[in-house]
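As structure tokens, here come the structures.
The following pair of complexes shares a single chain, chain A, combined with chain B in the former and chain C in the latter.
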Partner chain A sequence: MESNLITEDKQKNKLEKAFEILKTMASKPSGLIGLTIVLFHVVLALISPYIAPYDYKAISPNTMLLAPSAEHWFGTDSLGRDVFTRTILGGRTALTVTFFGSLIALLWGGLLGIFCGLVGGKIDDVVMRVVDAFLSIPWILAMLLIVSLLGTSTEVLIPALGFFYGKGIVRVARAATHDVIAKDFIVSARARGHSNMSIIWNEIIPNVRDAILVEGAMRWSWMLLGFSSLSFLGFGVSPPTPDWGLMISNARGLMSFAYWSVIAPIVGLSSLIIGINLTADAFAKALGIDRSTKAPV
Partner chain B sequence: MNEIIESVKDLSIGFNSQKGKQISILRNVSTNIKKGETVGIVGESGSGKSTLALAMMGYIKQGLFPLKGECLFKSEDLLKMSSRQLEKIRGRKIAMIPQNAGQALTPNLKIGYQIDEALKLHTELNKTERDKKISELLNKVRLPSPETMAFRYPHELSGGQQQRVAVAMALAGKPDLLLLDEPTTGLDVTTQAHVLELLRFIAKDTGTSMIYVSHDLGAIAQVSDRIVVMYAGEIVLEGPARKILKEPIHPYTYGLLKSIPKLSLAGLPASMPGSQPQPGSINEGCSFYDRCNLATDNCKKNSPDLEHIKELDTNVRCFNYKELINKNNNLQTSITKKSNNSEANEVLNLKDVSISYAKQKFFDQLLNKISDQNPTVKDINIDIKKGETIALVGESGSGKSTILKSIAGLLKTKDGQIKFENDRILSSDLKMRNPNDLRAIQLIFQNPDESLNPNHTVEQILSQPLKLYFNLSGEELKKNIIDLLKKVRLGEFYMSRYPRQLSGGEKQRVAVARAFAAKPDIILCDEVTSALDVSVQAAVLNLLQQLKEDLGTTYVFVSHDLAVVRAISDRVAVLYQGRLCEIGPSQNVYKFPSHPYTEVLLGAVLEPDPDIKPKLVAEDIVEEKPPEKGCSFQGRCPRKIGDICNSEVPPWQIGENGNAIRCHINIEELASLQQ
Partner chain C sequence: MLLLILKRIGLGLITLFIVSLITFVGVEVLPGDACTTYLEREAYGAALDACIKRLGLDVPAYERYLDWASNVVRGDFGYSLSGEMPINEVLGPRVKNSLVLASVSILIGIPLAIVLGIITALWRDKLPDIMISTITIFSMTIPEFISATLLILIVAIWLGWLPGIVIIPSDATFYELLSNIILPVVAISMIMTAHMARMVRSSVIQVMASDYVQMAILKGVPYWKMVFRHVLPNALLPAINVVALTIAWLLGGVVVTEVVFNYPGLGRLVIESISNRDLPVVQALAIILASIYVGINLIADLMTLMLNPRLKSLQIRK
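Showing the complex of A and B:
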């Protein structure tokens, strides 16, 4: 309400604006916690190769399934590898793959959604039915097919995950575009004779960007879960690369007497997902597109 | 009659800014509402009139809180009551009629049930008594056949009827005080006049006190006994309605009254410079100082108090009001505008244009034709001369905006042609038009909040057409933008601002600048002033007229407001249900003889003068669809002569003044009937 009442003469550049959004996000406990967790994981992923105490693939029959101790903080797994080392390294692949996967999902999903929302009519009908058809296929089956045909390298995983998680974004982007499309500034641009591309770029994207970004952030956390599920099933990262999904999968049989080798990767994965979710929520609220915060009057 | 029902004492309401500063929206407001009296609270948007009215029923919007003062209803302070205590008063003692009854009524409950709910809550009547009361109430608000009306759903009623139901619900608890927040603002001219008439009747009949909040001095003039004028959160003038409207002694009210276009006056109203200050921006001195032409140095430093003038029974907040006391005979003046050259060439011809909203059937889609025997807009023939301002007038649903859209190419026409500069037929498909024709026709929309991209700066907004049509860039682009801003009287520093940082009038100026950026031949104006405050409206009208005189642009001006149309237009076309009723030079259309529909419209115009009452000659029923055959106005015509009106389309008759009327009644006869 206040920003409408009091005009700010000072213009802010984009960096300051981004900083302001971050500040608003951090002003609430949930946002602060979320941001801290995400930041922690990102920093960890960057520095973990340098701080890891052991070699992640060093197998040793002498140290099989040791309980946590001063030497091995999180204990060791069934092949005698240090769980702490593998846990702090285990988020790297997941983060990289899902981050770039989400970017791809955002790009194609967002642009296609905006385009469909703008042109409408038959093109929109056809595209949306195809998207619906893809939505009806259980993604994990399709992923398994792709992975078994093309392999499990990151060059395959990133676009494949990006494609499957972008479908939902198409719908969100299309709905957001529909909200904007009826406004007079779009009609005005049309009447002036601007091309569709110019209308999308200049008039629509600035107004739907926020909604799509928030959706993308949510998709990121879902994709993390999806990627870990693939690893868990043995279709994600191949051993001996450390990965949370893979670690959980390897250690689950020994859960009853060597719980440590399961708990550490689970905590890593779930804290990252919770962190991203909290951050996405705070992001939405900071941008003012979260409906639940609107006053009832 | 002199018993005071509610009194507001030294009330200030405000909010805390993000920086922790206290900002007040209402400042030291005191007023009394007497029994049986109707008080009109008038002010522009942001003046605090709604905040004041809501505080009078003990309601303060979220985020706001009272800083000091009290609202005494029968000597109890409403602002200190618990919500339990307020429940007992709201509805029973103080009732409210909202602005938009269509949104205030629950859509899935029959209106009889909704009134019954109000009765159950506020009275101790039993079922049969309540049923009787419901039809009594519906009768009182003059709804046709109350018995069947009670079984209808809100969406089955027209806007005016919904507003009547809201009045009936408010009356259910027999309140002592009725609060009306812009109750007629969203309604058509004729409906508005009817609802106001009803409210006046109810005030007299039941002896209820009313608080009528509106920005529209015309509506306030019709109902109020006393008027409170608000400006920037303060009462600046308060007194008997007649005194305030005829002899305003505050410079703001004086300027406001002068800026309202009037039916009796040709030419443009005088505008007030500037706009209302934002809350929190007034530090010292009079809040009207910047816009006042009586201001002295004293006004800059000291804020005047509300002074009571006994002989006029008026309170005024001004140091220099005495200068206005005997100056008021020149309220009826206007700026004469240059008339266009009538020998000019025609620039746009609409020939037999019809437009249909009907959905194409599959078979028609294949053949690419529209088969609608009864299109929304039919047989429109208008020739528009270069440099003239032609206005399309009608109520909602008259097809005026539809015609505008198809001139712009946004809507396909069903039949007929639109010819540009006599030699080119404009395609009804936007994509088929050549870029130069697109450039030649520009649009200005009603609401600048929607027509300007909220994420673009003014510079980006104005550069769009310049880049598209003239391929400008760099320094040249910037120079052109500054020129445009100058043309619409905005400074260079506006370039870096976003629309949300501008006031309503400034936004509309930017929209005007964007239209002129294309160097167009024709500008289509779709209700361009109806979202603006009165004083700002006058300024925008003057600006449009100035630009037209300088650049020779042609305007097609769509409006529902007959007084605005009178002020700006050279020629007027009156539309009803998508058919032309009357067309002619504006000074003649506003004289008799007129088409019966024009007569109805003119009769319903509300002037800010308590002596000019609207003449209600027709019912305010709303027709969904144009009639299949005969005259379009047959359903509501007060001068209908018989079957011929239902079966044959009336012929055009040219009056001696040059206005064409489409009616079966002979034009001389019409003239004598309307004398």
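Showing the complex of A and C:
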């Protein structure tokens, strides 16, 4: 009974803390705008299949390149497909892939970083050299190689993106671990004879969690940028899947007389990326972390 | 001091060695070798045998790695599969074109970023800062292919001021290049400037809050003298390293920008070689791009070392 009460209390505290952070984030206009945009996109991604007015893959020669009108709010594209339908559906794949990709990046990057920071020595040196080497390969080259050799299915893309974007988190998690490891409470936990696992779980993770979470949030927006760049270059999701990067690249050639089919996905993708960025920045500020002096690695 | 520089160069070389291993193992482990991916459905019988023989795929992997690596060290990347010509000949003009694009963007971007960063820091939270910072956030978050596409739509199509895409051969002369790269340069330096201006801003703000600047204010040092003598040197120094890291990160964006503008540089070669499954060229590009990254960071480290007398006596920070 008593232990039950304590866990309930803990949970309530956690919820309250999360709510506090949200409130701090929303107290500044940039954070509020960011949160609103992200929320809007998430809701839109969830409900868009039910509210889409047309079939996203219905090709029709009679409705090619129509200008925006009452029937087709954002006009139609070169295959006669409704641009509004494809735009509101266009964020679904991108959001799903990058969200799960960021989770994977966060998990392996964070754990490996904490581990390296904790054990130090030779293992740490070797791992950090390999991470440095991976950092020096431009993301686009690595992603293109993986995708062109393994295919573009989401089962490949999610772990590939997760792996590649996790390498920067290793560094951050390692540095954060170094910061706490010399503190008194770790020393006393060691003196009490706690195991390494228990120290990682109970002492280190709670103290480096904030830094890693902020990295993960930033990673989400970069991953979205990487994912949509891949689609744009023709190495991402395959047609006729509605995807913003793909839509922009298809509509680009005709934009001198059908600009609407390129503007709609541009607005969709830019607003989502800006929204995630503003949210991540506000999140970092709410947790008291300054990201602006760091390089995007 | 000399030891420190040598150590730093050594670390860079180790990183490059690991990159070469990663790309080699990566190409090796992923399904299909250079011949089967290149020949695709015709990969059987005499054609496959001939290709394997030509690329020397019949010897063990580690021997091939040693062979390839020793050639690369001597500056020979071997032969491209699709063009059947030495990779060095393919790379030469592309490297030159990308260098022109990158150096013009950097020459415009860095001074502009410093000026904008200082303005936003000195007028912190006032109108100039809010305006510039808002534009900065937009231009640094929007993907390169979107800002490039918008630039073409607005400047080339709606206003008709400049040609939208670059139509020049890869061996164009320097002058031909310059007149064609205005839009690509704007697209690249926009993002670069935004990233750097943000860093300069927070660096200047940090220094302005430090004790010695407060001291200078109390002593009655004139405002602008204080800014130029005491604040800027101390604020820009730590920014050098971050700027280097950012330039390297932007290499990926340069690839996309070159494709959007059809610019015949290294970036478009990345896409072309991967579409053609020309793995030897991909390997060469990985090494070259990684060398650029390592090189830029090395230069930044050395510059910081030269400019900061305090660091000369210290170990280099990890």
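Here is the rule we go by: the second predicted complex is superposed on the first by the 277 of 297 C-alpha atoms of A that agree within 3 Å, B and C clash if a C-alpha of one lies under 4 Å from a C-alpha of the other, contacts with A are read in each partner's own complex, and residues count from 1 in each chain.
One rule holds in what follows: a residue touches a chain if its C-beta (ideal position, glycine included) is under 8 Å from a C-beta of that chain, and two chains touch if they have at least 3 such contacts.
It should be emphasised that the depicted structure is a prediction, and the values quoted were computed from it without experimental measurement.
Of the two partner chains placed by superposition, A:44 touches none, neither chain B nor chain C. Chain A has more of its residues touched by C than by the other of chain B and chain C.
By the touch criterion defined above, A:169 reaches neither chain B nor chain C. Contacts of A:185 after superposition on the shared chain: chain B is touched, whereas chain C is not. After overlaying the two complexes on the shared chain, residue contacts for A:256 are found with chain C alone; chain B is out of touch. Shared-chain residue A:193: touches chain B; no touch with chain C. In the superposition on chain A, A:223 makes contact with neither chain B nor chain C.
Within the superposed three-chain model, A:138 lies in touch with chain C and out of touch with chain B [touch as defined at top]. Once the two complexes are laid over each other on the shared chain, residue contacts for A:83 go to neither chain B nor chain C. 295-297 are the residues of chain A that lie in the contact sets of both chain B and chain C, per the superposition on chain A. Residues of chain A that touch chain C in their complex: 129-130, 132-141, 144-146, 148-150, 221, 225-226, 228-229, 232-233, 235, 245, 248-249, 252, 255-256, 259, 262, 266, 269-270, 273-274, 277-278, 290, 292-297. Listed in rising order, the residues of chain A touching chain B in the complex are 1-9, 11, 183-185, 187-194, 198, 202-203, 206-207, 295-297. Chain B makes touch with chain A in their complex at residues 15, 17-18, 23, 61-63, 278-281, 408-410, 430, 433, 435, 438-439, 441-443, 445-447, 450-456, 460, 464-465, 468-469, 496-497, 500-502, 514, 518. Interface residues of chain C, counted against chain A in their complex, comprise 14-16, 18-19, 22-23, 26-27, 30-32, 37, 137-138, 141-146, 149-150, 152-153, 157, 195, 198-199, 201-203, 206, 238, 241-246, 248-249, 251-252, 255-256, 259-260, 270-271, 274-275, 277, 282, 285-286, 289-290, 293-294.
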